[in-house]
Amino acid sequence: MRSLNGSARALVDAVSGEISREIYVNEDIYREEQERLFARAWLYIGHEDQVRNPGDYCLTKMGEESVILTRDRAGQVHAFLNSCRHRGMKVCRYDDGNTRAFICPYHAWTYDLDGRLIGVQDYENSYRPPFDRAKWGLVEVAQLAIFRGTIWATWDKGAPSFDDFLGEAKFALELGLCPWDGGNGATELLGSTQKWIVPCNWKFIAENFAGDALHVVSHRSVDMVGIGPTKGPGRRDDYGKPHLAAYPGGHGVNYGVTPPVKERRNYAASPATSAYFQSCWEKRLARLGDKAGIVPLIGTIFPNMSFHLQQPRTILVSHPRGPCETEMWRVYLVDKDAPDEVKSFLRSYYIRYSGPAGMTEQDDMENWSYATQASRGTIARRLTYHYKAGLGTEAGTSDLIPGGVTERNTSEQNPRALYRRWAEYMDADDWSALR
Amino acid sequence: MSGDEPSPSRLAYLSLMREVEDLYYEEADLLDERRYEAWLELFAADAIYWMPMRKNVPWEERDRDITAEDDVSWIQDDKETLEKRVRQLLTGIHWAEEPLSRVSHLVTNVRLAAPADRLDEGASMNVKTRFFVYRNRLETETDVLVGRREDVLRRVDGRLKIARRKIIIEQSVLMAKNLTVFL
Amino acid sequence: MSGDEPSPSRLAYLSLMREVEDLYYEEADLLDERRYEAWLELFAADAIYWMPMRKNVPWEERDRDITAEDDVSWIQDDKETLEKRVRQLLTGIHWAEEPLSRVSHLVTNVRLAAPADRLDEGASMNVKTRFFVYRNRLETETDVLVGRREDVLRRVDGRLKIARRKIIIEQSVLMAKNLTVFL
Amino acid sequence: MSGDEPSPSRLAYLSLMREVEDLYYEEADLLDERRYEAWLELFAADAIYWMPMRKNVPWEERDRDITAEDDVSWIQDDKETLEKRVRQLLTGIHWAEEPLSRVSHLVTNVRLAAPADRLDEGASMNVKTRFFVYRNRLETETDVLVGRREDVLRRVDGRLKIARRKIIIEQSVLMAKNLTVFL
Amino acid sequence: MRSLNGSARALVDAVSGEISREIYVNEDIYREEQERLFARAWLYIGHEDQVRNPGDYCLTKMGEESVILTRDRAGQVHAFLNSCRHRGMKVCRYDDGNTRAFICPYHAWTYDLDGRLIGVQDYENSYRPPFDRAKWGLVEVAQLAIFRGTIWATWDKGAPSFDDFLGEAKFALELGLCPWDGGNGATELLGSTQKWIVPCNWKFIAENFAGDALHVVSHRSVDMVGIGPTKGPGRRDDYGKPHLAAYPGGHGVNYGVTPPVKERRNYAASPATSAYFQSCWEKRLARLGDKAGIVPLIGTIFPNMSFHLQQPRTILVSHPRGPCETEMWRVYLVDKDAPDEVKSFLRSYYIRYSGPAGMTEQDDMENWSYATQASRGTIARRLTYHYKAGLGTEAGTSDLIPGGVTERNTSEQNPRALYRRWAEYMDADDWSALR
Amino acid sequence: MRSLNGSARALVDAVSGEISREIYVNEDIYREEQERLFARAWLYIGHEDQVRNPGDYCLTKMGEESVILTRDRAGQVHAFLNSCRHRGMKVCRYDDGNTRAFICPYHAWTYDLDGRLIGVQDYENSYRPPFDRAKWGLVEVAQLAIFRGTIWATWDKGAPSFDDFLGEAKFALELGLCPWDGGNGATELLGSTQKWIVPCNWKFIAENFAGDALHVVSHRSVDMVGIGPTKGPGRRDDYGKPHLAAYPGGHGVNYGVTPPVKERRNYAASPATSAYFQSCWEKRLARLGDKAGIVPLIGTIFPNMSFHLQQPRTILVSHPRGPCETEMWRVYLVDKDAPDEVKSFLRSYYIRYSGPAGMTEQDDMENWSYATQASRGTIARRLTYHYKAGLGTEAGTSDLIPGGVTERNTSEQNPRALYRRWAEYMDADDWSALR
């Protein structure tokens, strides 16, 4: 496959804010992304709730590939390529469950929960000299990290620690993954993962969540109808003043900042929820003071983990399936200690906002799909996309929020930062060139 | 020698079945002819509209392959929120359906979950159907949604109303970019 | 307590509906069993067979998404020209159907456009149906044609005949290389 | 002026047709709900379950496009061998169906091959149907099987049983990797 | 993508009449066609009837891409790539209508009917310095021409005028697009466009219409049945003696020439039509005398606009969708002043002849599709196609008809000319090499 | 297309028993296979039963391409590429039948049963000078051979004779294609061919049939149920002791060897069959003595003809349709002289074992499909498959069976031999390098 060596930067001009359409539709560039980006970066692969107990497992994905997430008897979490070392068969074909081992259906090679190859037919007699089974266990990720319940992994031994990878964007996840009262309690998954397929390039999704306030206008139909918890028009509770923050790692977050008022009344549609949030808010104020009002509304952890971490509260992973197709995996989060009534109110609100039946996300997916389609042609490919909003109004620093911060909500600085980092990955031959 | 006349109760059953079929075929026409507000009228005021997800699980756990009511699902609506969906369509700027998709609802296998030959005012019964929904929009974008419905029908003011709908889609990874089409 | 016997008029309705269903299922068998000449006999002498095209138009203009009668359409036949299509098939050298495609016509959602419990000699009524037509030929060439039909049925010499057929296909760009299959 | 009450024989026909429809929709539910052993009970002890293959042949030889009974076919089972297939599914290690596929059977066009208004104990009749079977498993693997069935139904102890099933699939090269789904 | 540089001629031997099968099935050659042919040649894009009034628009295609055809307030006709300059979204998704502007659904960039970018959110504040909106309007075709109601365009500034491009083939369009009485009245579209997809290479269609009398035998089934206006067998009215004319631009036409007899009786199936055509014929005779009987039966304007311009009277554009798939767009024409009864008779006759339900065209499409399919294999690709008919009987000149003319109806001279020109496009680096 | 020149050996390490996953999923390697392997090797194309009489024909395949198998008036069997020399149309679109000639639907070129072009429209006048029709007949295979009813062909003139190609593996076909009594009677096809499509690479099938006893465990479900002729559990009659034999041509066979006992009782499910086999067995014993018990259970003739030749008795050809898709064609065999009752018992037993409804083959196809799928990804492709079973226990010779024979049933020596040969084909520029 042709290498882009050093040419990715030529396609991404983050200074003038113009990016070649080729990177969204070109087959060769797509294949390079698999090698240079998805096989190299830290990727979100799941949540501890999915593998609470020894023997628990679930299937996840890294790039295009199926990966088994499991917890061994010692309580250690592992992630393995879901492919038998003998002839490649998928050793796990169940979305989740609990098992003692992974037995391949084809010739019954058996792998322990920690990936070790523990069963080979007639091992004693058929292999002279016997082959080293230790070398033929399931292929495990090079590094795995757990952060406030979320699980991340990379195939690259040379990658930096997850903390270094995340950099200052860690601030967003810390805020977003703690319970609403700002304490040390836990958040949990509301349940199973939504998985569906959208005919668009995965980067449309990543950049949109990284910070694209200009597209809010596309959601007018849902705002007119009003699906938010407030009973009025709109689709969310009040999130205060937006602050865009870009990070050198390619991550982008849009934070909302509300003043430390005493009263918040955003959940008229559900008294129980209203009461719960008011009590959380009071604890939060007590704990965080002026910083209580800072929330990570929406963002993208480079490359393909995107989130809403206020209302709705959900993590989206955009798994590539080709230059023009993406498999979206969405989970929803809630405070572990919230009353069931609150959880079930939020659950139905969240899936009415996001996902294939999400009255908000539906319009995004339509735009991403037809933008991808209209960029494939001969003449279209000769053009660039336009990311100039906010150019010249350089991001400054903020004492509230780390990163390159601007209050100019309309700025496209976050997508620019994302693509600058994208080009670095595509041009770098290894991580030493990426630090 | 020719067939004997069926019993009154048997004839009542035939009549009830046809009434149920007529309801579903009317519903399909209302949807495919885009008469969404009239379609809403087919639902009882306290109607539940629920579309669980599907999972791949081992044989012994096969009952788990439909997500439970307290789990995340594709859709979990009541009549009020269904109405919001309809109102969004009526704005004419709901891009996912602008321009509107071309849709045909094919409803088959209409069957009572338990034998019955009448449904009295206020009473309910469970009805199973299969659906094949074809959706095509713009140039060649096409989705096919196939599955089963388990409805609760109730007689209200003499008419059959949908009091509860459970939609069992035969896909785990949904192979459509959205669910803007009612099932 | 069991269901009461339906009224004579209700029973007449059940009988009429079954008569209509039987017509459509017989039609499907005649087509899929390639008895094309017998199929023609189901049409009235003055029958119209019309398949308009579909368009993508703005919400407010949605009624325009089916082309009008004086516009170009996919097919606009009368019985005489339908018969020409049948005769072409019978030549055995109509390459588009030589060898013949394998076809199944699935007809569902049979529904009267307006309530009726009888159709007298010479009288007509409007009937709506959905169709799913599967067509496969040679090795793997496959087409699926899905849509709605709006027929006018007329009673002639005691039998139901198709006096008019409007075929509403759910595609704008037709995703089949031809329309050699009757719908 | 309203419809006259149908004759007793006509009403008997309506009742018989509904009985036949109910059989097929029950069958579909048993299969799609994975109640395979109950499904087997719908077959007569001497039942034949046969799925011939299809061929591309010249117009004049079109009757040859379904393989004969003494030719190789896709499936040629009796009740005993059908039961073996069911028992294989029940092992939980029949990998082709582990985890189980998600399946919907849509049955349409139910029609008697010859007019009848009753089926006496021990007697048989021929019934034609169309099927659309949707099958999806694991992530996105999907098959659609469409065709016609020609059954012989027999009344045994008052109930309708399937004494013979001929499945006519509308494909020559089968576009599915297996036939683990009953049709 | 690999370039054919100079190698196309090696695949097309128009002298010996043999052409490599590669050009019909090879993916790389297909991509080159998009760059070197469809992005360069004049293409038919529509008819004035589709954009009669200011604000009228309709969607059309050039090669694989969606193009907006519209008329601005000043009455000027424009054609634009249907892709927003911001992130590529399709700005128009309706087949036709009337509008004041094109507003993008994603971030609401707004384009005037003349393509100018007139609306950008927060333009005043978000762009420092403000970007030049004049540079970010919809991408317009390089040249556009209108000829007797038909609209043509090219993406190539360097292309010659449409007149030069057409050359002497103009004679066919002039004859074919004037009313049947040979006067200066207008022809109009009978209505909407038929659009459908055929699994064949687009060149099978182009060459067939350019002149392939040998394939008439494939239409025997419809001839036996008889669908023509004459009530007898056959599928057309009498068109006299065929004359094949090839043009250096790659265009090919088959003209019919009937003697200037007084009476024409070809429309027995419709008295009104018969009467109308008889009266037209008399006027035509009076006007054109000996040349009255010349009609452009069938032809192809290079590369992909094909026509019947007598009976049936229709224009077909073969839009490529890949080496083995083509989207066919067909419109039907009629004399504007013809009585409605005549128009409706002809409409149903024309669609019974052509289009997916066309009893004639159905058999062509079957042959094109399976010829394409049977040419894809390893052994098949090593072979050539055979275009030798008429070789050695050089086309001469005719005092009736311009171009290289032969009365040898069976000759394959027109396809040969078409492919000779095809190779020139594929090998030329720009138009200077193509004149 | 890039050439692998000399690199295939690098992907196939038959010595250490490791093979790169690339060869199962890589598009370029797949295309090379079509050129270097399927256009070069001898391929099974049918059985004499399918073309018994002059004029009989049936369609078959070689690699991806459609081929006509027919018998001319002189009784000679031919195989032709199913593509017209004029414009490539398929000249035969019927699965089987009897004809006088092949007439192309498009322009009616007509080919005799021996492939000669005998009909061209207006041949006398349209071609000056007339072209040499002898050069434009249907393209015939370079070599064709008939062996005990089975028909084989190759496109390569340089290929060795079929006998040389088969080498000592001939022993398996001789044994397997003779009637069960070991005499000179004939076997015949039980009827039509099963054709179906499986989403796996064709080599998974070839290697599985070449000898993969380790996968027997995958068939446990059918063994538990019991579909064999014995009425007990299991799926087959008793075949004695397995002997794996590998051949330098890439062929691999697993032979069963039973002692020359007097009584065989394997067909309890069908008395007639039991009686027939018992009588055959006695004749066989008398004829072959100690060797009577040798049967070719299962095997692959390189590259893609696989068989069971005892119970069930069937030939499978795996036609590639892309790296990840295969079209399987299966025919069933039976002794010509067996009673009808026996034939019909065996027919239903065989199709219950094999084919898409085969309770045994279904589980194989599931494994092949998901092994293919799980090998496509970025990380998976970096791995090898494991073929080490039996390494170090070198195959010896046997006085019963030719070839490299081992009684170690679990050995993967046959797949290793198959891939060694595969690499030779892929690296060789012509047959001289392959002998």
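The first chain written gets the first letter, and so on, giving A, B, C, D, E and F; residue counts start at 1 in each chain.
In this section, a residue touches a chain if its C-beta (ideal position, glycine included) is under 8 Å from a C-beta of that chain, and two chains touch if they have at least 3 such contacts.
Every value quoted in this text rests on a predicted model; they were computed, and no experiment measured them.
Student: State which chains count as neighbours of chain C and simultaneously of chain D.
Tutor: B, F
Student: Using the contact definition given at the top, which chains are in touch with both chain C and chain F?
Tutor: D, E
Student: To reach chain D from chain A by way of touching chains, what is the minimum number of steps?
Tutor: Step count on the best path from chain A to chain D: 1.
Student: Identify the chain pair with more contacting C-beta pairs: B-E or C-E.
Tutor: C-E
Student: From the centre of chain D, which chain's CA centre is farthest?
Tutor: E
Student: Degrees of rotation, nearest 5, to put the Cα trace of chain A on chain E?
Tutor: 120
Student: Could you pull out the chain whose C-alpha mean position is farthest off from that of chain C?
Tutor: Between chain C and every other chain, the largest centroid distance is to A.
Student: Between chain B and chain C, what is the gap in Å from one C-alpha centre to the other?
Tutor: 25
Student: Determine the centre-to-centre distance between chain D and chain F, using the mean Cα coordinates as centres, and give it in whole Å.
Tutor: Those two chain centres are 34 Å apart.
Student: With centres defined as the mean C-alpha position, give me the chain E-chain F separation in Å.
Tutor: 48
Student: Among the residues of chain D, which are close enough to touch at least two other chains?
Tutor: 11, 13-14, 56-58, 93, 95, 98-99, 106, 108, 132, 138, 140, 172-173, 175
Student: Taking each residue of chain F in turn, which ones touch at least two of the other chains?
Tutor: Touching at least two other chains: 93-94, 105, 197, 218, 363, 366-367, 370.
Student: Give the pairs of chains that touch; include all such pairs.
Tutor: Touch list across chains, by label: A-B, A-D, A-E, A-F, B-C, B-D, B-E, C-D, C-E, C-F, D-F, E-F.
Student: Would you pull the chain D residues touching chain C in the complex into a rising list?
Tutor: 2-6, 10-11, 13-14, 17, 54, 56-60, 62, 65, 106, 108-111, 128, 130, 132, 144, 146-148, 170-173, 175
Student: For the complex, which residues does chain F have touching chain D?
Tutor: 93-97, 190-199, 218, 220-222, 224-227, 327, 331-332, 344, 347-348, 351-352, 355-357, 359, 361-363, 365-367, 369-370
Student: Which chain C residues qualify as touching chain F in the complex?
Tutor: Its residues touching chain F are 93, 95, 98-99, 138, 140.
Student: Name, in rising order, each residue of chain B that touches chain C in their complex.
Tutor: Its residues touching chain C are 8-9, 11-16, 18, 22, 24-26, 28-29, 32, 34, 92, 98-100, 102-108, 117-118, 132, 134-140, 142.
Student: Can you tell me which positions in chain A touch chain F when the two form their complex?
Tutor: Touching chain F from chain A are residues 34-35, 38-39, 62-66, 81-90, 93, 105-108, 121-122, 125-129, 131, 136, 139, 155.
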